[in-house]
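Common to both upcoming complexes is chain A, partnered first by chain B, then by chain C.
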Partner chain A sequence: MSYVADVGALARKDLLLELRAKETLPSMLLFVVAALAIFHFALPRGAGDTAALGLLWSALIFTALLGLTRAFVAEREQSMFDALVLAPCDRSAIWLAKALAVLAFLAAAEVVALPAFAAFFSGIGGRTIAAVALADVGIAAVGTLFGAMAVAGRARELLLPLLFLPMAIPIVVGGVGGYLWFLVLYDAIFVILAWATFEYVVAEI
Partner chain B sequence: MTPRLKLPVLAACSTGLLGLALALVFFYAPTDADQGFSQRIFYFHVPIALTSYACFGWGAWKALRYLRTRDERADTESYVAIHQGVMFGALTLVTGSIWAKASWGVWWSWSENQLVLFLVLFLFYCAYFMLRFSVEPGSARANMSAVYALFGVVLIPVSFLAIRLSQKFIHPVVFNSHGPQMAGSQFLTFCVALAAVLALFATLYQVELAGKRIDAHLRELRELLT
Partner chain C sequence: MIAARGLAKRFGDRRVFRDVELALGDGEFLLVTGPNGSGKTTLLRVLAGLAAPSAGALELPARHTIGYLGHSPQVYRELTALENLTLFGRLYRVPERAERVGMLLERFGLWEVRHERVSTFSRGMRQRLGLCRVLLHEPSLLLLDEPYNALDAQGAELLDGILDEPRTLVVATHEPQRVEHRATQRLAFA
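What follows is the complex of A and B.
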């Protein structure tokens, strides 16, 4: 069970860092509320609930992107990757722990974003909440892997949106359409792929 | 066959096949009753699109080979295949747009699945180059490129499904479960055009690969000298 213990320790480290520094989550919360306010003015009057739902999904994707860009900043600034890679644990545990931490941030941001959306625009049903929860898993899985890639490059913050947004298109399709089975399929495929390939990404940073 | 001979033979084959395909498209294939002359772009649009998929698939296969064997040549081959794939992908977008303009009167149609899928793939694989050129050359870069290429080849069916879900399906379906829905002469022309574009890909792939190999060789020599 040392794998679970490793993941737990690493995820706890990320959550503890956030709890002390309070860098990522407050900015995600502010961003998502500001984005929803922008969308209110961007939507023409009487645009309807379907259009608003689409904007909710773009707000969520961009908020996630904001969190993901920050995900590996501590590792980069403190050159902690070397230590992590040297640590006697499976490298996929690093990915899993980071993905869980990102998932926690996303969930926390959405606890604010969804009620804010319901208050600003229209009520949301259980199906949308389920779709958001499923989408979070895929976003965290793919985003964490690509975040680790982007942080190794020179362009860094610039690179992640380019890598991540094309991957997010299927998530938006599944989310807006409410195709829960499709989101489950997406999560299953990309969680396995990211879990299996992460060790190559951090192998020689 | 020796490498020196391979490239000229490939180039001659693709020139011959392309010439034959052009002749068949313009003089042999019947004019479509519904769309008229403009339908003939089909014989290039679809083979180019299929070749582009083949490039991405080949690139992912080489990426997998790289991750298993750590052979630097596989990394270069993967990169070159994806580079060619992006070029054929851009051509698909252009020919698809022209066809859409000719038959539906618009340059871009969000309800045309293939076009939208190619847009997604084009964006995804353009980012491949951004990733590759922002990381220092070496095994870290090769690893990341390989992982990204694998994600791309998985993204193709997932995006295809997503786009099918997201819109009504008005794109003409030429291939379905009952086989190709076209006359024998059309099918022959299509097959020759497909072979021609695939041969073109093989030639360009070898040309670019030869260039990359010479580049690497030259760099080694320069390092030896200094």
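What follows is the complex of A and C.
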């Protein structure tokens, strides 16, 4: 019960910070719409739906990366990790709360991105929406873990894409192919791994 | 409270400190002095359990009994003073949280601005709020890194009052004059 309350308090804090600073979500929205517009003009006429779907997934992954680079900015710039890590709460609550906030930002970006994709390219089926929702869970889990790891590094702007993009390849494979079972498996494995290893990631930030 | 034998810390090839020996009992005051970059902050982070020593043995009290204030006040700028303390009160399991938060805000002269965002505060007000944060859970070991930074005369007097309370203290400063008379142990970095 206390764990859930800790996660709730930390996630509320992250959403409040974004609501007031308005730094992450507007950038994600602008980026994803601009990327889809560029892809619309770049894709040759007569290209199939699968090609368009591939571009949607590329746009979503890079939009997520944009959000993830901002995920721990307040903690890094205001040295908040020390205060959070010293608290007697379970450290995985910090990861879970941050991952939930990232998930909320991704969902908000996709509320705009998916209709924009439908307008620029073709309609979106229920299977694609389900795949995007499942992919968001994996992206938030893995990306938040790597985001925390990157905070400690000197070349953090470089480190996060280098860590995250290779791990996003299976998400794109599952998403473009519509393999929902594969995305469920990816989510299950990486949510557990990230939840269990976050303690060690923040042990010496 | 704290026992350290042969404590050392390195970052790659760079040695920050070595052979630090400490035996700090309840209620003692360790004053750590030295110029900028001499290793004071790193030692405090090691004593807070936030950084692992490269060598040596270290005994520390439980995490929830430690209060650590680093170089910066460690409060969220886009949250209000009240929201910051309420969040950390929850995470630090502070009983009767609202009363404790209210009492500290009153004591440090921040009650009137409790609903204002920290980004509108002066550096001294942020430092006061940082002190409120580390005192929230009534730690028995307080680790303070340059705690007089940015405090005005009134804020410094409030901090003096905190340092006079019965608890174990480790204070790192490059201006030791203000606290030297309280120290029961000294550690000077070159």
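In this section, the second predicted complex is superposed on the first by the 205 of 205 C-alpha atoms of A that agree within 3 Å, B and C clash if a C-alpha of one lies under 4 Å from a C-alpha of the other, contacts with A are read in each partner's own complex, and residues count from 1 in each chain.
Keep in mind that, in the parts below, a contact is a pair of C-beta atoms (placed from the backbone, for glycine too) under 8 Å apart; a residue touches a chain by one contact, two chains touch by 3 or more.
Just so we're clear, the structure is a prediction, and the values are computed from it rather than from any experiment.
In the superposition on chain A, A:L43 makes contact with neither chain B nor chain C. By the touch criterion stated above, A:D82 is placed in contact with chain C alone, chain B being left untouched. Of the two partner chains placed around the shared chain by superposition, chain B is the only one that A:G153 touches, whereas chain C remains out of contact.
Using the contact criterion defined above for the overlaid structures, shared-chain residue A:G177 touches chain B, although it does not reach chain C.
Looking at the shared chain after the overlay, A:A9 reaches chain C, while chain B stays out of its contact range. More residues of chain A are in touch with B than with the other of chain B and chain C.
Of the two partner chains placed by superposition, A:A133 touches none, neither chain B nor chain C. When the two complexes are overlaid on their common chain A, residue A:L163 makes contact with chain B while staying clear of chain C. In the superposed pair of complexes, A:A203 makes contact with chain B and with chain C alike.
Overlap of the chain B and chain C interfaces on chain A: residues 203-204. The touching residues of chain B, when paired with chain A in their complex, are 67, 120-121, 123-124, 126-127, 130-131, 134-135, 138-140, 143-144, 146-148, 150-151, 154-155, 158-159, 161-163, 165-166.
Listed in rising order, the residues of chain A touching chain C in the complex are 2, 5-6, 9-10, 13, 16-17, 20-21, 74, 78-80, 82-89, 203-204. On the chain A side of its complex with chain B, the touching residues are 142, 145, 149-150, 152-155, 159, 162-163, 165-167, 169-170, 173-174, 176-177, 179, 182, 185-186, 189-190, 193, 197, 200-201, 203-205.
Residues 45, 48-52, 62-64, 66, 68, 70-72, 74-79, 83, 87-88, 90-93, 117, 133 of chain C touch chain A in their complex.
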